[in-house]
């Protein structure tokens, strides 16, 4: 039938679609996309089956960049040159969709009553210092004379890459920083260690506000609290903000109406679902621009 | 002349008997240690899962909402995985065992294959994951489907079945073979009619143990990239799937986002352990029932 | 009572053989048979003719090569990989050691009963039907007849006829051994080889098997290995005494026991060793 | 021939069937070949693993010098100045395995002794399956057990212990391996003929003396083989360390620290953000190859030892 | 009938003992010994006295309880979990079946030699030194002397003195058996129990062991199980004939073989069964 018009949230009068939408990729984006897919299947198109998996950004691209690959690939980073080259070779057009914003959040123990806010430089120093050499009192003299314990997600995660590339400007983290594969571990570690400081995506903080405190960051204009409002691309928390993406296979979108329909639905609902899953929503004009671009694919 | 002084011997006897007694208790405590850990481990998991295991949990599909989430997908995935692993390892394992025990006995070739199988048994499961990823998922272009995972797991547990079958075949007394040959039966007739039926219980035990190993393995499937996630219930070997331990892994990972996922993970572990206990009990039953038959 | 009958039989036999040699046909002819297990020679230059419708006993101390010899007669020794054989064994005038001789054919004609009863872990019926089945007889009615006939032939029919479908392992040792004989009879062999068939049995079962052997020899030839000299004396027509892989003496049973011609035979018979 | 009233002629029937039994001859020839084909699959699997690992490992070593990889104490897989030294992973692997064996060897051996020499048949029959359950628990369950139970427990004794460290997963891995060591050692000890035990008992030896001076020495190769196989298992174990030891690529010998093992690195990289074609991606294969060679050597050693043992009595 | 024979036997024994009792001391007294393997009774009401410095032979067909009996004498049967025992065994006047009797003590005084040679997989030296060592003798010089004396006592010293450090499994079966005897001698036992010690040996080794037994009885008492009646006749002073777990006849060896008082003994001795 006639492909549905992307009316957004209340497209009840739309034609019924069927078939499947296959999504893989980043584990960071997964909670957002899984929620989205569930909403879509319950509220929008019951006949369509949306599969969401989480092989990881790169592994996801490997499934995306093959003949008859996945329809979408979630990514916590932009597509890399090697991947673009591969896409060109296969004649796959990867259409970039920014879906939400994530704010790199620094968290400390609930009992940490001193580090309510830190400057950007202090944070960089803390994470670049060799362990055992850095004490809280080295950061500011009125802080306690206790060693700082630094934690973070491992190289596996886009969050690490962001921290490493954008914030630490590729200065290598000391070897002794305690890296983890799982965010749950990080939350657990910080909640049990008074001298700990860790970083991860805003969503993980938002879900664990009862267990850890966030550090307000001073980018030069006074401390900024990480929250949905500030983590905008032009918000006060912008230096620590990064976008998360999903890449749409344009060929698939043209071939399968449900894929395009889902893409448009995703954009239209991105702001709401982002908030629910611990991301900051995109600004309205970004959503609009993306939706328009998608409409153009019909 | 007497060298052994009875009084002396008598005097030492007390110490020796005491040492024996102490050692016995120490050995017993060592044995208990493992069991105590087992009890603690199970207790913790069960305690955490209380209130989360019900019919909905078992029959629902996966959801991001912990109240609605269920493990039907992982259960079906586990069943489909077994549906691939069982026949494949059975055919490959028993075939290999027969070849080694009945045809290539004591040859160089047997030694080589035997060594190879022992080595294969020791290859870390992640490495099998890489093989599965490279060969089945990518080169054969199957993707992360039941068949790819099943074939990988089948190769992973193959040594278990081969070794168990070899033992079972070896346990068939030579005199039964001789009796059959003595009637003019050919080699294959003897194997088919006498050796295989007699070793079947041992073979089945091996297959069950191999299966229970397969459904408890996480690493290779994580490496292959098995999605644990929002996917339709699998209904064939070319569908994507997840299995129980992988589900446990992802739920625990995500418990930083939704704390209740940790309870779901515990509940899944309980289900997984129940399945494993059931399978092991069957294996033990078969083993005990048929142990002394000849 | 039983002893008397035995002695009678013997006396008759002795007379008979004197002149029967001429007309009795040779079933097995063994010519210069040598056999090695790897480097160890277990049989040395064996020359031995086995006659039709006789019971031939093979005696000798442990390790002398008795089992090896009768396993060579149906080429069962081949199952041991290190075995090497030279010489000839003629069965019904054809050399069975010849490569071209199909061992399955040979074993179809030559049955074997082992030291330890070794029924298959199947039902009594299936045990007996096994041979006919592997040789392609599938007809249920014919199989039934064969089973009954063979069990009767092995004098065990009455004891098992009501439980043919029970597992053979439920039988006593003596019954199992007779079942094994029935199993061998089912394919109507020409010769039956028996390797100490009664050594694991109690006296009564032993007696039954011994009587059975006497019965069977009307139709077929029997070669029996035994470590029990009294048994050899009781049931055999001819006896070969093996020692260290050689045949020390081979003649009719009466004379070997009453008047052994070799000192070693005498020593053995009188229990000087073994 | 036996003439029965029924006029059966089994020999005749058989003789007839035998003549037409050419299919049987073909089957007889075919079966071994088919079975050989099946048996060859296990060999093909090994070759497959080797080829898979080798092709990509070669590319890795075109980019990273062989020596740098094996002597490098720094593993920083990201960025412009990425360094690939395998030693941090190697120490992680060796330390965790060593700790595991410190737990598994004594307890496993004592368990084996108890089961084989002291326990009654009935007790053994109950205990052994229970221990086998321990071996059958999915390793992921052990991983969380190490992280959520053993580590906090240890931290109450060892204050300097990092929340993720190599000690706790090492211990839990040891617990997981106990049944393996126990069961293989017990097999070796049960294989010691009873006659030897009786010989010693008849001289007035106590059970302990029989065990330590006769049974264990007689079964020593089998016992050692079980240790080596245990080590090999520990080296290859993935999920426990992936969960409980963290992902720090620390080069240290301090077991209270977080470290990464080779296996955990493999899981991390395959599920991670490394794009195909990057050195990070190829490093996965180089590490896997190292791991493979490691366990292969261990297995060969174990086999060598246990083969020697078979010849003894 | 059977009862009558029993009584007869008893009567004869009683007479004999009247005078021998005075000079010969009883080492082992067995009183109303019964033994069950689970539900199966393997020994029935055994009453048997063993005398000092004698060789006592125990004969009987397979399964009659010979091994069970002598394993009860050093409580080795206890290793089989299902065993139950009633009655008394007095060793040097103390009841060894008593709970408080330490088996280790008993076995230090009562050595045992088994059917199959069972040396430890250690050097020849270590095999012999094992007993003294576990009993706390550590002095190297004393150990050396014990080893030599025991090996000489077992008539094997000359054959092994140059290779004491080689593995015992390099010895022939006969040598291994004598090594096991040496091992038993090393702790200077009072009694040695032997369970068919020569049944796995060749005739020459058998002879050596038999001579050795004759030699040993000067110092110690020996109880030997054998299936070889000739052997019993050759080496023993007294013989007990076991059948189905009962002692059918027990008297001095000469009379049992020349003039058995029980029909079953006679049947067995003349090879009617077994």
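When the chains are written out, they are named A, B, C, D and E in that same order, and each has its own residue count from 1.
The working rule: contacts are C-beta pairs under 8 Å (C-beta built on N, C-alpha and C of every residue); 3 or more make two chains touch, one makes a residue touch a chain.
Please read all numbers here as calculations on a predicted model, not as lab measurements.
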Touching chain A and also chain B, the following chains: D
By number of C-beta contact pairs, the top two chains: B-D
Most remote chain, CA-based centroid, reference being chain C: A
Interchain centroid distance [CA atoms averaged], chain D/chain E, Å: 48
Between chain E and chain A, distance of the C-alpha-averaged centres to the nearest whole Å: 85
Where chain B and chain D are represented by their mean Cα positions, the distance between them in whole Å: 13
For chain D, residues that touch 2 or more chains besides their own: 206, 209, 242-243, 267, 270-271
Numbers and ranges of chain A residues touching at least 2 other chains: 27, 55-56, 59, 62, 181-182
Residue list for chain E, restricted to those that touch at least two other chains: 104-105, 108, 134-135, 187
Complex contact set, residues of chain E against chain D: 74, 76, 79, 81, 104-112, 114, 116, 118-122, 130-131, 133-135, 169, 180, 183-184, 187
Chain E-touching residues of chain D, taken from the complex the two chains share: 120-122, 193-206, 209, 213-214, 217-218, 312-313
Residues of chain D touching chain B in the complex: 24, 27-28, 31-32, 34-36, 38-43, 45-46, 48-49, 52-53, 106-107, 110-111, 113-115, 117-119, 125, 127, 129-134, 136-142, 144-145, 148-149, 175, 178-179, 182, 206-209, 229, 232-233, 235-239, 242-243, 263, 266-267, 270-271, 284-285, 288, 291-292, 295-296, 298-300, 302-303
Chain B-facing residues of chain E, complex: 102, 104-105, 108, 132, 134-137, 142, 145-146, 149, 187-188
Footprint of chain E on chain B - complex, ascending: 2-4, 8-10, 12-13, 16-17
